[in-house]
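Consider the two complexes below, in which chain A is the common component and chain B and chain C are the respective partners.
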Partner chain A sequence: MTQATLLAAPKRMVELTVDGQTVRVLDGSTILDACRQLGNEQPTLCYGDTLTPVNVCRVCVVELEGSRTLVPSCSRKAEEGMVVHTDSERVRLSRRLVLELLGSSVDLSTAPAALEYIEQYDADPSRFGPDAATVAQPVKIDNDLYVRDYSKCILCYKCVSACGEDHQNTFAIAVAGRGFDAHISTELDVELPESACVYCGNCIAVCPTGALMSKAEYDKRVAGTWDPAGETVVSTVCPYCGVGCNLELHVQENEIVTVTSPHDHDVTEGNLCIKGRFGYRFVQNRSA
Partner chain B sequence: MFGAGGGTSSYEELRETADLIVLWGSNAREAHPIFFHHLLKAVHRGAKLYVVDPRRTSSAQWADLWLGLDVGTDIPLSNAIAREVIHSGYVNEEFVARATTGYEAYRESVEPWTLEEAERVTGVPAAAIKELAHAWGAAKFPQLCWTLGITEHHNAVDNVFALINLALLVGGVGRNGAGLQPLRGQNNVQGGGDMGAIPNKLPGFQDVEDAELRAKFEAAWNVPLPPKHGLHLSGMFEAIEHGDLSALYVIGENPAQSEADQTRALKLLTSLDCLIVQDIFRTKTAELADVVLPASASWAEAEGTVTSSERRVQRVRKALDPPGEARDDIEIVYELGRHLGVDLGSPRAEEVWDELRSLSPMHAGMSYERLEQLGGIQWPCWDEQHPGEPFLHGRLWEDVVEDPAPFMVVEHSPPVDELDADFPLRLTTGRRLESFNTGVQTGGFSSPLHRGGEALRVSPEDGARYGLRDGGRALITSRRGVVEAPVAFDRMLRPGLAFMNLHFPDVVETNVLTIDATDPKSGTAEFKATAIRVEAIA
Partner chain C sequence: MPDLRLLEAEPSAAERIAIDAVLGPGNGANGRVARDDRTKRHLLLPALRAAQLRVGWVSEGALGYASRRLAVPPAEAYGVASFYALLALDERPADITHYCTDLSCMLKGATVPPGGHASPCLGLCERAPASYRTIAGEQPVEEQIPAAGPPLPQAGDSGLRLLRRIAAGVDPESIDAYIQAGGFESLRRAQELGPDAVLEQVVESRLLGRGGAAFPTGVKWEAVAKQAAQPHYLVCNADESEPGTFKDRVLMEQDPFALVESMAIAALATGSSKGFVYVRAEYPLAHRRVQNAIDLAASRGFLQGFEIELRIGAGAYVCGEETALFQSIEGYRGEPRNKPPFPVEVGLFGKPTAVNNVETLFNVLDVVSDGGEAFAGIGTESSTGTRLFCVSGCVGRPGLYELPFGATLRSLLDLAGSAPPKAVLLGGAAGAFVGPDLLDLPLTYEDTRAAGVTLGSGVVIVYDKDADLVGALLRIAEFFRDESCGQCVPCRVGTVRQEEALKRLAAGRAQAGELQTLAELAQVMRDASICGLGQTAANAVASAIANLGVFAA
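Moving on to the complex of A and B:
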């Protein structure tokens, strides 16, 4: 069973400098890729490893010599000879302000990465005072599978990309409104059961702030029984159709509380369907 | 036809390389949603998509062209496509000459299937058939994918042959990017076959009637094996009917609700001397059993492997302790062995797997360690240096083809349950996105998508014709039984075609209606074609 395999033409390498260090990356890589290759992690919120960059959150901006403005490292392609600074005063100021604006208007209590960045950049979201505008609003609970708490939404677009052309192609949600009133919405703002949503939960899988959360997790958090510290994660394969999607079963006290799929699994890229993500409960409906 | 049964190509080839994808009798958008993600990436990349299905499904809505054929006319359609490919000069003459047999007889057999004749029999416009034929002929990397729309017929195997013939005509198999993919409906239906849970094969698709192969297993297991193939499920039901089979051991299957012609199935199951059911639930079948062996859920409460549609063997792992007295399937089997006087020891899943590897050459290189490292391996994998095979049948493109692939002449054979004045509507069945088979598992979660799932779906035209009301109720009668169901009008259906699913048997027993006409080779029943009439209930 031997067969000649066509190999793609080898890719060119480009060399750039990040914080004084030289790095060579494949042509087509981003500045963020180059940073990571150096072990130089950058903060990101709207970036997703399986999503097309939309560069809206601006926390990953870096200073590029010769560029008038700061550039988003998650989407700006690395070019030969670039000189990049990721920790200059200008970068730190910009990141700090972005985090302060987000933190003052959005509930980040279930967004550990954002909280970490706020500390890292010495950001003070309270500095706009108690009257600063917020996106606070009641939690939307309109089905038994997942809840939407847009008080926690930073408008990173990741759910829109996952629901749209990047993966699911259902297009149940988009950004509606403008300026501070911009928000994630179903078509005509109807409740989920009336919308095009197919409950794959691929939006939950990419949400960086907990604005989208499975009902199971939400209920446990409300009841005070959510225990991520005591959680084990076991890899297995979905029990439904024959596609072979890998599952990660998140187990707390012998109970599956969440199902995810690894982003680096080439069958799913982190995505599942309604059965894979929510169809696990039958194993727990059996009485002893 | 090709020996080992499995999809010939990988999802990656479809996603990255295919320039034409034909989904035939498959609503992958709902039945294989993550496979459909790969397909949509191909579509966004520019690949053409053709969907052949009686219903204009959510998959068909993504197609460049939908061919809405009448149920059970797949062979006329395929033969007409073949004729058009041949007449238009698209045949890969060199491939056909070097790598196939039986072309002349096949060519003659499709000759009567002109576009016009096919339109008359299939209901698909001649121009649409022609368009697909020309797309098929011109494609460099065609992928042909099918599901139960092809196989749940009384002539299932002939239907599959009809599709394979199309691939052979254009050299559409055995090379990177081009292939045939039967999409598997359950997470380990491929693995079950691989492991020999089919009547005529030992593990690794080794023929049970081959004395030499059998001797290898007899030596390893230290028991004589029956030299003849066994029975498939439909054959077992016939044997019960004829009094040749009186005890049944059912593992992880719910035939009391999943079998076609349910009234007959229940009669036969209750006539057994002994029915043993091993399941994770007290299913309707378990309720009929003399003995119930509570089992663990193989994907979350036990160690092991499953094999996917692209022949990829992957590990399943234990995350939970099973409830109560439920036990691992392996443990149940060796305990049962002990009670029958056979000591199988107390093997762990990995030891069972390693024994399998020692007997099945196509699995030989798949140690648990490598399965872990490589994220699964696609069979065949001959040794621990072998990476596995993303596609099969590359041999058809070698300089000397030792074992050419045969064209199979297949003739049209319409559905057994004929339409007439008393039963004028064609009922077909299929899966819904949020549900699975008899709903034993998917009944366990609350989803807005379950709403209305049990309905009889008809076209608005038929609704008006038979005096039904959208949201009303109807009596549905076939030659085998009557059920009552809510009615939903559905524009995916053409007049003359009705649709139900099997997911909610506790609410609507669809299988009271279906016919158990089965394919003699595969044993699959014709779930896809029932003749019914409908009457509104006031």
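Moving on to the complex of A and C:
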């Protein structure tokens, strides 16, 4: 037997301390990766497992000894000897207030993660009073496949990343405006059918708040027949082309209501095209 | 970009000519993207600015044409255009005047006449109230009003260093006058010394950055110089927008060759072959004079192997944050990047970059000519050299002052003919208020830090006994709400909540726990915002509550 040859230099490990526990992670990992390796979950909203971190929501901030400010765990790379605190007073205050700022300006009613964090951090979004400015605005329903309710948008940039460089490379949407007026927009705010949108729905798949929602789900919610508790998920393969994307059919009352793809799937990383995402209605055509 | 859908409106002939003047003639047929243009996204902002200067606004046709020429997705181009306050996406008259309603002008009774546009600080504080007018057209006009300010208050003072050529009245448009006044001697000396010795001198001088962050210049330059990645860039941050600051404008308008010379030295030391000067849009005279100085210096052979390009902003305070400035030059929204990585490693176009403020660079001339040790002998142990102070507000002689570090606030106010102040704002909107109890504060980095305040960009706005401090706080809160880029939650929403709380306090309608809410907002904006804008957006308000007892029950 010949000696096995190393094809690449082994990756260096770095050792850091999180909440008093020592952890070794591969060089290039983030603080969030280190926390997760310890089973120490951190709240995240703008973080996406298949997306480049933009670290804008700031709910994942942690205290790093020696750093003047808190640091976003989702993007800050772990370094040898770092000492991190994820549950200090300072961290808890920041997370609580960020959740209060979001909860007071955005409709989080269809954002389960955010609602859970609000409870976890004892946040009180009503503290800013009844006149606190919000992003409330009419729902945009301009096509048959999905609706955009930007009253629910926390501006996490995930849809922009998914539409653009991270996944779809369509660049139909971007952040426009500035400050509190910043918003997700097509060019000149034209309606989706006038834009570059190809209706892959990959933006819906990453939206953490339900601001982007399939028309099917939206209609059922309006009709009061949306029933996530009674939902079952069926795995299958997309029937349309030879790529072989894995599909997860979300079924309520024997009806497909949503189609997703697993994020850990080699081919899709959770993404689909218009046919895989929305082309399921023939299955339910029972008239023949 | 196979899915790229294009805005279909066509530009007018005038818009096309204006944009082509920036991008070169389009050589793709039927408006298609020419292969050469695909790497020119960094020209998006100059193209949009050119179109607006020509016709007064950025029309759909102009936006579409610029995005087609540069292969920028229209949604992104719209995102960029809508980011900058001075770019108009709705048709408006060609003749527009922006009236400053910010801190210094407020104290001088600023108003906005019907049809005028309110503006954040225009950097003309010594001649407040001020305005900035643009008239679009074939020969566009951009002017600062009043056209000139009072003369340099310290003219004739032989102790001036940074301001000595200005005090001597050296013609800012003549390279010969500059040379006659000793110009380019420091560059010659730097070339003799070589990069390593220049770096050594700058380190020895212990020069700290004058833009507000007070980072050691020598450390920054050494870090860039040793980077293996090429090319290295040098960026002069002349986006001076901190309310109350006008020092860099005066330097660029009155002594532009010195900026060019100091950039050439910085390029030598950091191994940069390309430099950018990013100047805020509201400084048209500085644009003309700096461009003239670059052109003349290049034509006389002073910039061998180094090229300087002038870039002009479009109304965004946040672009003074170094990474937002890079984003802006590269043709993106001016949203700050997360640090690390720091610019010395990953800066403009992803390359090692030295970013320096105008005043910082000016200091380098004396560091090189006199030596770092001599420079470090001026001022104090930790604050070496002299400092420019932008004095405005309730004073008899507003203007730009130069003092060695260590002079007291009182001595500066005496020079400026200040009335007994009720309060002084140090460092601008991102700075802090001090009361009369701190008049003997030595103006140094270490003393201000110990007092919990900052010199920032050298702003000193004086409020006399009749001045409206609560009004100033409301204006500061409004400023940060307007200027937040909107990227991170603590700043985007925090600045709105801060303003709402202050309005309630000012109107006597405070909610229970309002001051506690403001204090928490201040801490979280400081702790959890991405960049310095959010991190300092509550400083002035917090200092007024703590140091001046504003809103005390």
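Rule of thumb we're sticking to: the second predicted complex is superposed on the first by the 279 of 288 C-alpha atoms of A that agree within 3 Å, B and C clash if a C-alpha of one lies under 4 Å from a C-alpha of the other, contacts with A are read in each partner's own complex, and residues count from 1 in each chain.
As a working rule, a residue touches a chain if its C-beta (ideal position, glycine included) is under 8 Å from a C-beta of that chain, and two chains touch if they have at least 3 such contacts.
Just so it is clear, the structure is predicted and the values come from calculations on it, not from any experiment.
Undergrad: After superposition on the shared chain, which partner residues are touched by A:D131: those of chain B (first), chain C (second), both, or neither?
TA: A:D131 sits against chain C, while chain B stays out of touch.
Undergrad: Once chain A of both complexes is superposed, is A:N271 in touch with chain B (first), chain C (second), both, or neither?
TA: The first partner, chain B, only.
Undergrad: Just chain B (first), just chain C (second), both, or neither: which does A:V198 touch?
TA: both
Undergrad: Just chain B (first), just chain C (second), both, or neither: which does A:S88 touch?
TA: So A:S88 meets neither chain B nor chain C here.
Undergrad: Please work out whether A:F171 is in contact with chain B alone, chain C alone, both, or neither, and reply first, second, both or neither.
TA: second
Undergrad: Classify the contacts of A:S105 with the two partner chains as first (chain B alone), second (chain C alone), both, or neither.
TA: second
Undergrad: Can A:Q37 be said to touch chain B (first), chain C (second), both, or neither?
TA: neither
Undergrad: Using the superposition on chain A described above, determine whether A:Q21 touches chain B (first), chain C (second), both, or neither.
TA: neither
Undergrad: Go through chain A and flag every residue that touches chain B in one model and chain C in the other.
TA: The answer is residues 168-169, 198 of chain A.
Undergrad: List the residues on chain A that touch chain B in their complex, please.
TA: 1-3, 5-6, 143-145, 165, 167-169, 192-193, 198-200, 232, 234-247, 249, 251, 254-256, 265-269, 271-276, 278-288
Undergrad: Touching chain C in the complex: which residues of chain A?
TA: 55-59, 61, 69-70, 72, 75-77, 90, 93-94, 97-98, 101-102, 104-105, 127-129, 131-133, 154-155, 164, 168-182, 185-188, 195-196, 198
Undergrad: Name, in rising order, each residue of chain B that touches chain A in their complex.
TA: 11-12, 31-35, 37, 40, 44, 175-176, 183-190, 280-281, 297-301, 306-310, 312, 314-321, 323-324, 326, 375-376, 380, 389, 391-395, 397-398, 433-434, 436, 440-449, 451
Undergrad: So in the complex, which bits of chain C are touching chain A?
TA: Residues of chain C touching chain A: 1-5, 7, 60, 63, 67, 73-79, 82-83, 85, 89, 316, 333, 338, 340, 481-490, 492-497, 500-501, 504, 511, 513, 517, 520-521, 523-524, 526-530, 535.
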